[in-house]
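The chains carry the letters A, B, C and D, assigned in the order they are written, with residues numbered from 1 in each.
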Amino acid sequence: MRKIIIGVIGPGESATAADLKYAYELGQRIARQGWVLLTGGRKSGVMDAASQGAKVAGGLTIGILPRDNTRGISEAVDIAIITDMGNARNNINVLSCDLVIACGMATGTASEVALALKSGKKVVLLTQNQATQIFFKSLSPDNILVTNSLETTIEFTKEVVNRPIPR
Amino acid sequence: MRKIIIGVIGPGESATAADLKYAYELGQRIARQGWVLLTGGRKSGVMDAASQGAKVAGGLTIGILPRDNTRGISEAVDIAIITDMGNARNNINVLSCDLVIACGMATGTASEVALALKSGKKVVLLTQNQATQIFFKSLSPDNILVTNSLETTIEFTKEVVNRPIPR
Amino acid sequence: MRKIIIGVIGPGESATAADLKYAYELGQRIARQGWVLLTGGRKSGVMDAASQGAKVAGGLTIGILPRDNTRGISEAVDIAIITDMGNARNNINVLSCDLVIACGMATGTASEVALALKSGKKVVLLTQNQATQIFFKSLSPDNILVTNSLETTIEFTKEVVNRPIPR
Amino acid sequence: MRKIIIGVIGPGESATAADLKYAYELGQRIARQGWVLLTGGRKSGVMDAASQGAKVAGGLTIGILPRDNTRGISEAVDIAIITDMGNARNNINVLSCDLVIACGMATGTASEVALALKSGKKVVLLTQNQATQIFFKSLSPDNILVTNSLETTIEFTKEVVNRPIPR
């Protein structure tokens, strides 16, 4: 039976301390639900923090890497998918997830939220500023949850992944 | 000598009448400068309108198509690049241009603006609403021109493409 | 610690009964070594047979799917990576593996063997005809093992993955 | 009206003097027919030689580049499409052409011939050794022309591009 995959996206080098704290806890909570965590796989920022959290909680972690070398892969990634396609891999990140959670914001993250909405995925905007909320809600009002709560994030994710939609 | 390529991005089916009018005029003005026009290539919205404008003015047009079939290619596209990689082709669109002009906004367009900024390209936000302006300026303040004027757009593009940067 | 990933590639719809038998056994043997199996993920031919074999033996299976819909995914795939990039995903298949085993031959398989050799990966040509052996050996003599034996295949794979190369 | 695009593929650094001579003449002949030349775009081997030939004859040249930097682009490329997706761009090369001509052979070239055949394109194997001919004919007997003659290559290409197939 196919595993449920939850994506956590967010800044690399420019992640804030708050982004990292949320990402780490998110990773833990996702793993505790038995879901697989998917990130951009690099040893940096939200990708690394979420993967570390998931591993501490005994989860399975996938990283979709932008380059074909293996430098800079998070040590908390179990399964490294090497795309060698730079930021075009962002589309694979969001297509492979049942739901996407954005924790922090940067240009790469913005492209992933936009691509997720384009493909009809549900997106959680976690602790985002007002400009981000307003912009993405204007593009796709029905597929976004805005929240500052990890608990609400997980409850919403449960609802989405438990829907009897043919996968 | 390599040709200068200017990208025009914007909504397909959801383009407004104003988006189409601006895109058509942009295509004309780009062609008149001797620049090559690059779009997403589909027979729809801003892609089609900009390409039509460029052809009327005697320009050369490239379309970077998402799919491998040839249905739905704008008849005003001279050179069809068939990627068969869906929205991941958005990254190719922006990487291949010397500058990107966003005319109208939708999820696909948002992903392209974000990817363009991520790769360090200059982006013109043409006649965009305030939410769009504020959001992208917060991500990358130095690489964005906000304007409602086609003339300003072309003047700014001239400056960018004439800079003696090693290409 | 990153998991070792072994790729099994081969025909979909045009697979022979022998291809399927070898692929199924390969999947079993890969799983028994504790390695992760990676295939093209479709519910067809060598991809499906190898994945079924791995699951019977308690292994973990990854499928790198060509399209963004979820029809046609092998039921024996645990982790479905949705690329929506058609056959361009063949490059991801080979880059993500520590070693590639070709079981049967078709145009897609040939592209994957060639891309694997291009990226410097070791390739096992399992039960291939002479034309295939001669052609690929002429392109890359040092990175190919030709064999008809599953046991030799697994022994060679052990040597490759146990080499102290920085990953 | 969409332009006819002919792809010339072959080795980069490992091209022989004969490969380069054929590629240069091919580029000239393609340009003289009014067709656009498409190559992998790098300043190396068959890609560069074919593009140089096409430019000398007044043609238009497209290069589909593997990386996002612009170092190493053939100076004879008019339109540089920057994919930043490494060898996965080989699929774009073949999908964007009306016909593919392989001039010389290497691992990358082999992947392109295989991907072209997979997508149903006609392929000319120009001055290829017997191992190459036998291998690819065994995969796809109906879509391959084997020849040592540039004149036969161009005549065959004319037939293919003049067929009243809906594009």
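Please note the rule applied: a residue touches a chain if its C-beta (ideal position, glycine included) is under 8 Å from a C-beta of that chain, and two chains touch if they have at least 3 such contacts.
As the structure is a computational prediction, the values presented were derived from the model and not from experiment.
Greatest Cα centroid separation from chain C: this falls to B. Between B-C and B-D, more C-beta contact pairs join the chains of B-D. Residues touching across the chain C-chain D interface largely coincide between the two copies, over half of the numbers being common to both. Per-chain Cα centroids separate chain B from chain C by 40 Å.
With centres defined as mean CA coordinates, chain D is found 28 Å away from chain B. Among all residues of chain D, those that touch two or more other chains are 68, 83-88, 91-92, 119. In the complex of the two chains, the chain C residues touching chain B come out as 68, 83-88.
Listed in rising order, the residues of chain A touching chain B in the complex are 85-92, 105-108, 110-111, 114-115, 117-119, 129, 131-132, 134-136, 138-140. Considering their complex, residues 1-3, 5, 36, 62, 64, 68, 70, 73, 75, 77-85, 91-92, 95-96, 119, 166-167 of chain B touch chain D.
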